[in-house]
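Structures given as structure tokens follow.
In the two assemblies presented below, chain A is common to both, partnered first by chain B and then by chain C.
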Partner chain A sequence: MRMRRLLCQVMIAALFGLAASTVPSPWMIDGVTGSTFNLIADSGRVVTPDGSSLPFWGYGLASSGKPQYPGPTLIVNQGDTVTIQLTNRLAEEVSLMIPGVQMSSATAPVYPQGSRSQLTSLVPAASGGGGTRSYTFTASRPGTFYYQSGSNQKIQLRMGLFGAIVVRPTQNSTTKTIDIAAQRLNDPANPGVAAVSRSYTRFAYEDGDGSTGYDREFLFLVSEMDPNFQHWVEFDRPLGKPFDFSKWKANYWFINGRAAPDTMAMPNVPWLPSQPYNCMPLFHPAERVLLRFINMGQDFHPFHTHGNHMLAVAEDGRLLSTNPGAAGADLAWEAFTVTLAPGKTIDALFQWTGRGLGWDFYDHGSEDMPAPYEPLDEHAMRKAFAVNTSPGNPPASGQSLPVIMPRPDEQTLGIHWSGSPFLGSNAELPVGEGGFNPFSGYFYMWHSHSERELTNNNIFPGGFLTMAGVVPWPMGWPNVPDNLDESDMYAPMAGM
Partner chain B sequence: MRIRTFVAAAGLLGVLLPALPAAALVQFPYDLDNMPMGNFPGVEDVDWNADGLFDAPPAHYLFRHLGATDGYVKMADGLDMYIFGFLDLAGMPNADTMMMMNKGEFPAPTLEFKEGDHVYLNLSNLGMPVRPDLFDAHTVHFHGFPQAAPVFDGEPMASFGINMGSDLTYYYRIVEPGTYMYHCHVEATEHMEMGMLGNLVVRPAQDGSAVGGFTKFAYNDGDGTSGYDVEAILQFSEFDPAFHEADEKAQPLRFAELEGRYFLLNGRGYPDTVDAGAIANAGGDPTLKLHAIVEANQGQRILIRLSNLSVMGYATIEFGGLPAKVVGKCAKLLRGPDGKDLTYSANSVHIGPGQSYDVIINTTAVPRGTYFLYSRNLHHLHNDRMDRGGAMTEIRIN
Partner chain C sequence: MRLTAPKALRIVLTAVTLLLGSAAAHAAVVDVKLRAVEGVTTMPDGRSVPFWGFSRYSTATLTASTLPGPTITVGNGDTVRFTIRNDLPVPVSIMVPGQLFTPPAKILDSTAAAGLPAKSRVRSFNAEVAPGQEIAAVATFASVKPGTYLYQSGTNPAVQVPMGLYGALVVTSGSAGQTYPAALGKAPSAFDHEAQPVLFGEILGRYDTSLTPPAYVTLNEEVTAAPTVPRSTVDYRPIYHLINGKAFPDGNDIDVPAAVAPATTSRSLLRLLNAGSRDVVPSILGNYFSIIAEDGNLLTYARQEHSPILPAGKTLDAILVRDTAKGFFPLFDRRLGIDNAGATLGGMMTFLGDTSCSPAKGDIVGSDGKITYTDVLALLRAYVDGGSVAAADVWPLDASGLPCGDGATTIMDVLLVLQKASGRNPY
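Right after this comes the complex of A and B.
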């Protein structure tokens, strides 16, 4: 196969490049921006992919009038004075606290009976049945945070009263150029990773050196539910029946409020009215992708990224640095599985280039131009596989793929398999197979490695997983219509 | 959405053509005749050095052959537990591999590679004779392999599994040293709970050269930080006997009720962990081949390569109070982006499913004797109803 189509891809890239200013940026996470937020707390129902629905309590935007799971993601700028006005429509007291952030006014716990044994809230609360309370703070530090109820947490946090807060750094108004090659492998056939300079204007932290610069960001707010507990709150608790908390055991797991496969549906789909956020990271080769992790559950979750390591640059909203603001993330660590501890946040960078695979995953011909988004130095290296027949470079000499693939009838095919081992290529699949890889990308399961959590209450697969995709083409997502036809997506190629 | 066909000439079908080019293109062990230029391609049917003739593969080209099937292992309390497992088929004539049905091992055979290797790993799905109603595919997921491509990643939603009676060859160019693990990723919760788990180690290029007084290392550290004299490769896992029994007897699988009752290091609960020999199941097959003994002479440095492939949860593994230094995590030397030393001394590591740690124990000032490496999670210290067992093994300093 000679990839003349790569030439076409370059032209598409050029076309999309010209049109970039008219395409909404899909780089940032869903949420509400501003510095004043009117929230409600109310009860609703979450829908799970096994056909069940569970009661939850959640925050929501007063403007929408309904709660959501998790609460709205609040996106603010460093230095902002942020006010959250809470109206509590639940029957019991609800409050709002942000670990790692000092509220502007003095705080006090709530003991309505005057006795410590009657503690109902760690912080001032909005009383049940329509009470209001205002919370004001200065977003002095950038990073990934969360808000949660400070009231009756044993019940209210299991019920879903939490949401994410993203504080964008002041540094975002500046441009910083960094070498992003450090996360690439040192390819033994091409020793010495050449510096790859890239300029960023978006950063996770006030790092001083641009080391937290990123192209795209994705939120992973994880949580879990025991259906028995949720039903107890709905049916038995109002009758005064007790719940044996020692028997609490999660059997649903959520990313951004959805259990797989709903994690991979579009945002704001009508069949998930209380779960507006999805989690399906799509990005281009060599892009730096920021993953903002928040664990709002009570269990430890080991989060594994297929495809490559992550580089953790911050924990608990704090840059991993000996000298924040100057030294960058010089204490960053890499992992293929990160521990998401309850109540913890982690910011990690992910990058996929395919460097060092030892075969050309673009299947370049010797005359080919680089594919879109393919780093030029790596293109030269990979193209060498196609033309280098020297003894030093087997087995790829003359072959892009060093093995013989099994026959299609020997394979059980995955729905994200394009039919081809090559990025940007596909092959005909048997009728009914595949279909979830319209752009012939590379997909990777990103999931909890406590594999029991890949279920929805006894049903496998589901729960705590999503599929991340390396997209070889210019990306129209999320505006790609889901009834996309070949003639839509590849129209520029039709005459070539 | 329907599949686009505009690049129908893509490589997958192209390589199925019977006329194979005289270049390196290997399917192992499709080599049914083992004859140069025979009817079936094998490693000897490749022009490895591009001189126009078929020849033997160069050094650092490794060929491994695993089978996937079911089987039984004997737990420390005597229970014969039904498992799904891998086993080593290396060197076995293709026609004989089906005789290895129902002889799956636990853990899977340990895979050891070295940086710079080109690995062809063939997986033969032998089927599961105790469950003839199942027609499950299998894969090998090289867990932690950096910059992976889906075709060799073994995650079946993004690629494919191999059906019963068929073979699939994975190709890995080994570029990053470290402590990894591998497992089947098909219906992962079930196949992993059922035992398709194994150790995978990649040795660094620095091995064999003298650095900092050592010749063996976990990583290319340049200063001997990860140097060691003896090594122990240990994998923590858990089994739920009720789940295994349900699978054996074709009953519904209760994922919601999954609970570990056997807590294992290299597939065994104490005291089987310190039995140096293979342990046979009731049918006489030695399916528990790995022990978990850590042994060194006083003064030596021990490298513990620890991984966790439980499908349920974390374990806090203690190192017997011996001087332990954590030098690696998730197949990476603990070093910051600018080279800062991030290694640390510890009594234990809190290790989650899918994580690995590299821990150096320095026995220089350690009195001779027997110490215990074990999970401090107290409920990990039994073999179902048998007390004084579980995830525990001995560190013997001679």
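Right after this comes the complex of A and C.
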């Protein structure tokens, strides 16, 4: 096994080179950092995996000159004074509002001639055809927020005028050590699990005690579209024809602006020019993964992870504690399906532990039993790591898959089949099967539990789903060469 | 996010508090006389919408019904007896989810739906009042518990609730300035100001493009004809989204005052109710709701949310904390029920804040909803005469751009109103 691992690493090096990377770091959400952002609002087209494309209106970076779906993720630091300068290239007025923060720029709603019946915008707007407007706020609290148009929202929010804001906490510069095992609330199988101390330097919130520390973070900004509505905006609205909003019914669902399977393609792929962000959570076993959920649609979505529960630690940008940073009751809640409500944000921590699977997915000997919450990278690297055998129910040493595998010609294998049910193990693959998982990760679906949402215009599978990958090896995003072809880009594991 | 404090101690303390606190102030018997009758309301686009509603009446004065029905306020521990006079063509009843009552024997309906065999089905959750009848104390809710509740018809509710037979029942705590009796280990529910309840609802049917020409097929008009067979509302898709029976821009801004020095904060109680069939997400801009109670149950800890989920049939009690800065907070349904039959902006939208900062200030002649040169001339005349016009005290605009005024009518007010009349200052 060691030989194979080495070989793989050599292969990565050969394939991508090990030069300093300018692409997103492996733990951080894609986006733009800073405190001054120049945005445009314009129209573009969203590409869907069924071969269609739909018109959208989106915010974009003025430097790129084009809108994107969703708008650029703005990443700022707590305490920053943030200025967003909006240039509106759409025909009608567009504005920008951020629930949960107090603006220091003007907030008065737009009542032309003071007329209540002529309200056009909840906040000051940039007029159509090149108008500009500046919005300023102080990011006094960390957390997950969003910006969206405050003008003609019935149409503009359905068209895509929204984007995420991440405010990083001040305590990110400090190191805090916590017991990540004790924080699992709902663990009846193993109530007395031994303490697992881990230190973090990245946190979701100014929690004071490190309880929101994480190893990796991923954004899930979800939205939906009714193609009939998008076509109405493109063709019928300019002719003055009405749209019956009571008949609006979503038939496309997006995570970070992409419908599956595009969610799993690499960021910034050339065939999705307006949809730069992907959504494919990749992590090591037992790593703490922060999931930032934002629902910019109009429907509720039940988001489901398999395998382990999520621990929701914040809602609407507020830590779920009565007294953040000091002794207070813990209001965090655990669930395997989280309701994503329109306009709401939720931050949840997820850890894949593999507990209770019934076999030793690590495939280690008895002298090297992994602890229930032990990160495998650490484990694999340090053979002498202290064995934690009490209490708990780690799988028996070398416990094999508790089923008899059917004959190869009776198996249906996914593209991520590595040939072995054990993490980090490869085996010979049947001809024409697998091949997208040379590093033997464990891939499984994260998705909306409203099954109709797993389609693209009624074609299954698609829509609101992605694959989460439990990756046994040290991770690092590769540089993406310009000449990478499409099939390579659907194999993110090739770059791990 | 630390682990919880000793739970046992808290439970004991809570139990003690409950025992001591249950000796409520004088519990009274409150008789509420409601008349159920058809009414007509007008939407902002001019459409007349028939509805079924409640009104409080006396035998001498038969008042018209309102949408929603009147807010009924009673005290903690009171016994509420409903007397109903039914002027609708169908039987009606009253129920209050969250308050105890003794259900009657099953009330069955064996009328056959069109094309279906006759089968008995439950028609009502509570004792009915037949068309043309008046029954005293037809529904009694003894020892009501404090909080925010919906009252609604319990008869064929799939039809009668969308038709408008609902309203808010507020049960006060018995202590001034407290939403709920103070209880150890519970969220603080004290307030300085109680805003009017914010009751979400929706009305009128769907636009049917299969007809020639396409037309609105209205549940309301079909149902006011009182069909004799049960009617399915499975395709009922309302096109008007209402707060307190009104679609924006009709309806009022909701007075939620800023703190007045020397106080640094002011707590306003906002009761949120959803009588519609659709879940809504009341989203507030520029502030957070502190959610202290659900369905009349005080929470242990308040939740800070700017976009809480308010499902159909549910109530939330929220405290809005304000400092001394004056201003307005938009409140709208983030599920985008913010149009009037397709025309935006409208629907479930309102503004919370200081009415003295209303962006529509300056409309002093005829209150026609619009600032015109007539308003400017009237204001100029008042200014020259040395008079004071509070409704046009728009100078200075504060940092938010809102016309909070300075308590005096000056030439600056006249100039600013002139700007608004000419469309040069839309804020």
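The rule we apply is simple: the second predicted complex is superposed on the first by the 399 of 496 C-alpha atoms of A that agree within 3 Å, B and C clash if a C-alpha of one lies under 4 Å from a C-alpha of the other, contacts with A are read in each partner's own complex, and residues count from 1 in each chain.
Simple rule for what comes next: a residue touches a chain if its C-beta (ideal position, glycine included) is under 8 Å from a C-beta of that chain, and two chains touch if they have at least 3 such contacts.
Since the structure is predicted, the reported quantities are computational estimates derived from the model, not experimental observations.
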Touching partner for A:Gln230 - first (chain B), second (chain C), both, neither: neither
Which superposed partner A:Thr466 touches (first chain B, second chain C, both, neither): neither
Which superposed partner A:Thr73 touches (first chain B, second chain C, both, neither): neither
Contacts of A:Ala329 with chain B and chain C, given as first, second, both or neither: both
Chain B versus chain C as contact partner of A:Gly435, first or second or both or neither: first
Partner chain(s) touched by A:Thr337 [first = chain B, second = chain C, both, neither]: first
Partner chain in contact with A:Asn256 - chain B first, chain C second, else both or neither: neither
Which of chain B and chain C A:Thr48 touches, first, second, both or neither: neither
Contacts of A:Phe300 with chain B and chain C, given as first, second, both or neither: both
Greater chain A contact set [chain C / chain B]: B
Overlapping contact positions on chain A, where the chain C interface meets the chain B interface: 182, 211, 299-300, 322, 328-332, 339
Contact footprint of chain A on chain B as seen in their complex: 1-16, 21, 23-27, 30, 41, 46, 48-51, 58, 61, 115-116, 118, 120, 137, 141, 143-144, 146-151, 153, 155-163, 166-171, 173, 175-176, 185-190, 192-193, 205, 253-256, 258, 310-314, 329-332, 334, 336-338, 340, 342, 350, 352-355
Touch list for chain C against partner chain A, complex: 1-5, 44, 206-207, 209, 237-239, 248-249, 279, 281, 283-286, 288, 300-301, 303-307, 309, 327-328, 330, 332, 334-336, 338-339, 342, 344-345, 351, 359-363, 369-372, 397, 399-402, 420-421, 423, 426-427
Touch list for chain A against partner chain C, complex: 97, 99-100, 102-104, 106-120, 122-124, 150, 152-155, 157-158, 182-183, 207, 209, 211-212, 242-247, 298-300, 313, 315-322, 324, 327-332, 339, 341-344
List of chain A residues in touch with chain B within their complex: 1, 5, 182, 184-188, 211, 249, 251, 299-302, 304, 306-309, 311, 322, 328-337, 339, 352-359, 361, 363, 389-391, 394-417, 419-423, 425-429, 434-436, 438, 440, 442-445, 449-452, 454-455, 457-461, 467, 482-486, 489-490, 493
